[in-house]
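Below: a set of structures, written as structure tokens.
Okay, so subunit A shows up in both of these, paired with subunit B first and subunit C after.
== the complex of A and B ==
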């Protein structure tokens, strides 16, 4: 019964999230909107690469950074999607307290609200990869993709995204309204530490162990191996595909456990201080 | 006349005060608005290093990263601010206050500049130290002058945006969201804007940061010969756009306030 109620909360939260994400405009404009942002983000890297290399995009480094950047969109979007719900429901719609009264589990509600972001981001990732293949000589061939490995890596990576989203949601519960950029800032740090657009080995030595402790490092490496047959970081070259998967599984589960505990702790602070229904202005 | 001026100046101060005080009340912003953005800019620094780019590109990225603070502030705390105020029920209070709307917007801009400068300075100073960025010291004052012109024009554009967004519902949020990465790309936040097709770079000049960044880079970084236009000309264009945006903001505000009243949108929430 409890499981059914939680799944119902998840489903309804997903439906609500989709409505809020998409029904502010017509479907055509929504599709354009969903694509322009990620393509622009990818093009920033492309132009940076072009400026230095004089227009070359054939190298392994380019393919690695392009694919890494495309999939990293999930991190930013899911973290933002889950954490911004707290701010939006609490500050603008003033419904966050009712979610505590109505939803059987706030975790399932927050995760459900991120489903719309997942769907939109999946479309964006597909478009960015298609664009790269069509116009930038990205060496991707559907026949060469290891689909089973990709599915396993992708699922675990999404689990890690949910865990980090919950961590950010915990911070939002006790933050004032201008926490809007928090998820983005945090995603930026992960973007640096996980070697998303450059090999991990380029990072200063003290930062490399930090990067190796974050699940997204293995996620992005695994996605590159599944799509292109090779990774980008020499320091991970000695780790075989099975080990990448195992490390990703363990680190994602560990992050999720920490995130649940952290959210519960922040929630307790928020209840103590009467912050669950606070409204802040600036 | 003097009394009216004084009242408006007090409104500017009052609206700015909230943001200045707010900056010091939520100390989490030190981590999220200074330290973390610096690290995310670091990703582009390491990418340039991995590619073996000329050293001045590190400075370009850092300056662009610092300027994102202002662009985000203009988008989220200027242009879409009247939308937020509408959502929280404060817009009508602003509108019945016996001061010019421009004074309220000017106060928002002043407070916003204060908040953003804290973040931008953090990124620039810490980043320059961490990544060993070299500056042409003789170009610093000219760079500062162009920077101030850029800010004036940019916040003028933000005021135009505020008047347009006043009409919007949730589209305001999505429009502001849409104007992040595409503008980072078009304005050359992380690379010389001359790398874009000439017509596209020229069109992007409508955003003051495009010209401002390009001009500042040319005067403060040694060996920066990859500018779009002469920095003097860019400064002149910024001065013109500054005046144009203020006039446009004033006109747009009156026109759209009138329209919003007729269509009953000023107090319409959650749509």
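== the complex of A and C ==
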């Protein structure tokens, strides 16, 4: 019964998220946010790479960078999306306290709200990869993709995104309106530490263990291996595909466990300080 | 003041014992010398050792001015806020340790809010919440349609929430609060900001809902005297975080029935005189100036009829014209004045 109610909360939250995300009364605006924005972001990176390397868009480094950047969109979108739910429900729709009382599990509710973000981001990732293959010589061939491995890695990566989203949502529960910037800032730190656009080995030595402790490092590496047949980080070259998957699984589950405990702790603080229904107007 | 009656026969719908709630204000405070240096954390007491017992089937009112602690208490009872000390049980469960069980049995509606996802229609919003509450789809929709009809929202069932007026949104939110047929319904100023007709619909509905659902409990906060008097089986008067009196409306009124209550309307009274025991026999006095008419409505609770004579003389000496004077039957407003020491809209008094 409890599980069924949680799944129902997840499904309803997904429906609600989709209603809000797919508000295509202005298709142009939707296109800008969902497709043109990520493609433009990718192109900025491409142009920078192009300038730095003197006009090259070929080779493993470019492909690794491009794929890593494309898939990292999930991290930013899901993490920001889940934490933003707290802010917009509380501050704009004034529904957070009612959801808090109604939803059988706030975790499943927040996760469900991220489903629409996942779908829209998946579209954007596909568009960015398609654009790279068509116009930038990205060495992607559908026939060469290891779909099973990709599916497993993708699922675990999304689990890690949800875990980090919960962490950010926990911070948001006790934060004022300006807290929305935390998720974006944190995503920027992860972008640097997880070997998204350069190999982990490029990081200063003290930061490399930090990068190795974050599931996204293995996620991006696994995605590259599934799509292109090889990774980008020399320091992970000795780790076989199964081990990448196992480390990703364990680190994602560990992060999720920490995130659930952290959110519960933040929620307790919010109840103690009377922040569940706060509206910050500064 | 302890609002727990003797001889409990069954588990209370709401049982609060010695509940206090304080907040720490760490904001910089301006000193008397005008400097803006930190003055250290300051403890602001919102509730002060409140004890309260509400029986199942009771419509219980918390009456008090803004900032009295009504909403703080409702937030604690509905698990949104932790008490600083004391214990609270709602529907038989502890609000701190068994919050989840409490939430399954309660609902809450706050007035004066613009609530809702603008993109959804009224019916979609209510359907969604009904599903969160675990209702079956068909019966939920049937109930929603009935409620929409009752509250005059049927024509707006498919209107997006962002197109609704504030009153319509409030009615929708009120319906949301009924969907899970809660054992205990908390209504925090449910008619705040509503027009007279909508407020009337909601008040009538509350009474009817209680009649049709024996055993359901409503705890209502309000600062409208008439609303409290009209609806509530018992009323607790709360001010500055403390419950000062708790009884039935008639029981509360009996507290001032041994006194004489006068209403005076005076014109050309520039400023109310300091009371300070100036008029012997007058226990409470409240001044309500009406800038639009230039008149002041004065309510006096006196030990006897004669006690009002020196006051009238004093007012005339100050150049005031006494337009109207009548001795009246005490109302809840007078009870409030007697118990709290000032009128509901006043910040200070005799």
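Keep in mind that, in the parts below, the second predicted complex is superposed on the first by the 274 of 282 C-alpha atoms of A that agree within 3 Å, B and C clash if a C-alpha of one lies under 4 Å from a C-alpha of the other, contacts with A are read in each partner's own complex, and residues count from 1 in each chain.
Methods note: contacts are C-beta pairs under 8 Å (C-beta built on N, C-alpha and C of every residue); 3 or more make two chains touch, one makes a residue touch a chain.
As the structure is a prediction and not an experimental result, all values here were calculated from the model.
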item	value
Touched partner set for A:93, first subunit B, second subunit C, both or neither	both
Partner touching more residues of subunit A, whether subunit B or subunit C	B
Touched partner set for A:40, first subunit B, second subunit C, both or neither	first
First, second, both or neither for A:272, with subunit B first and subunit C second	second
Touched partner set for A:230, first subunit B, second subunit C, both or neither	neither
Touched partner set for A:104, first subunit B, second subunit C, both or neither	second
Intersection of the subunit A residues that touch subunit B with those that touch subunit C	20, 93
Touching residues on subunit B, where the partner in the complex is subunit A	18-19, 22, 25-26, 28-29, 32-33, 36-37, 39-44, 46-53, 57, 72, 76-77, 87-88, 90, 169-171, 174, 177-178, 180-182, 184-185, 189-192, 195-196, 270
Of all residues in subunit C, those that touch subunit A in their complex	23, 72, 75, 78-82, 103, 106-108, 110, 113-120, 124, 128-129, 131-134, 173, 176, 180
Touch list for subunit A against partner subunit C, complex	5, 8-9, 12, 15-16, 19-20, 23, 93-95, 97-104, 268, 271-274, 276-277
Sites on subunit A touched by subunit B in the complex	20, 24-25, 33, 36-38, 40-41, 43-45, 47-53, 61, 65, 91-93, 171, 175-176, 178-182, 185-189, 191-193, 196-199, 202-203, 279, 281-282
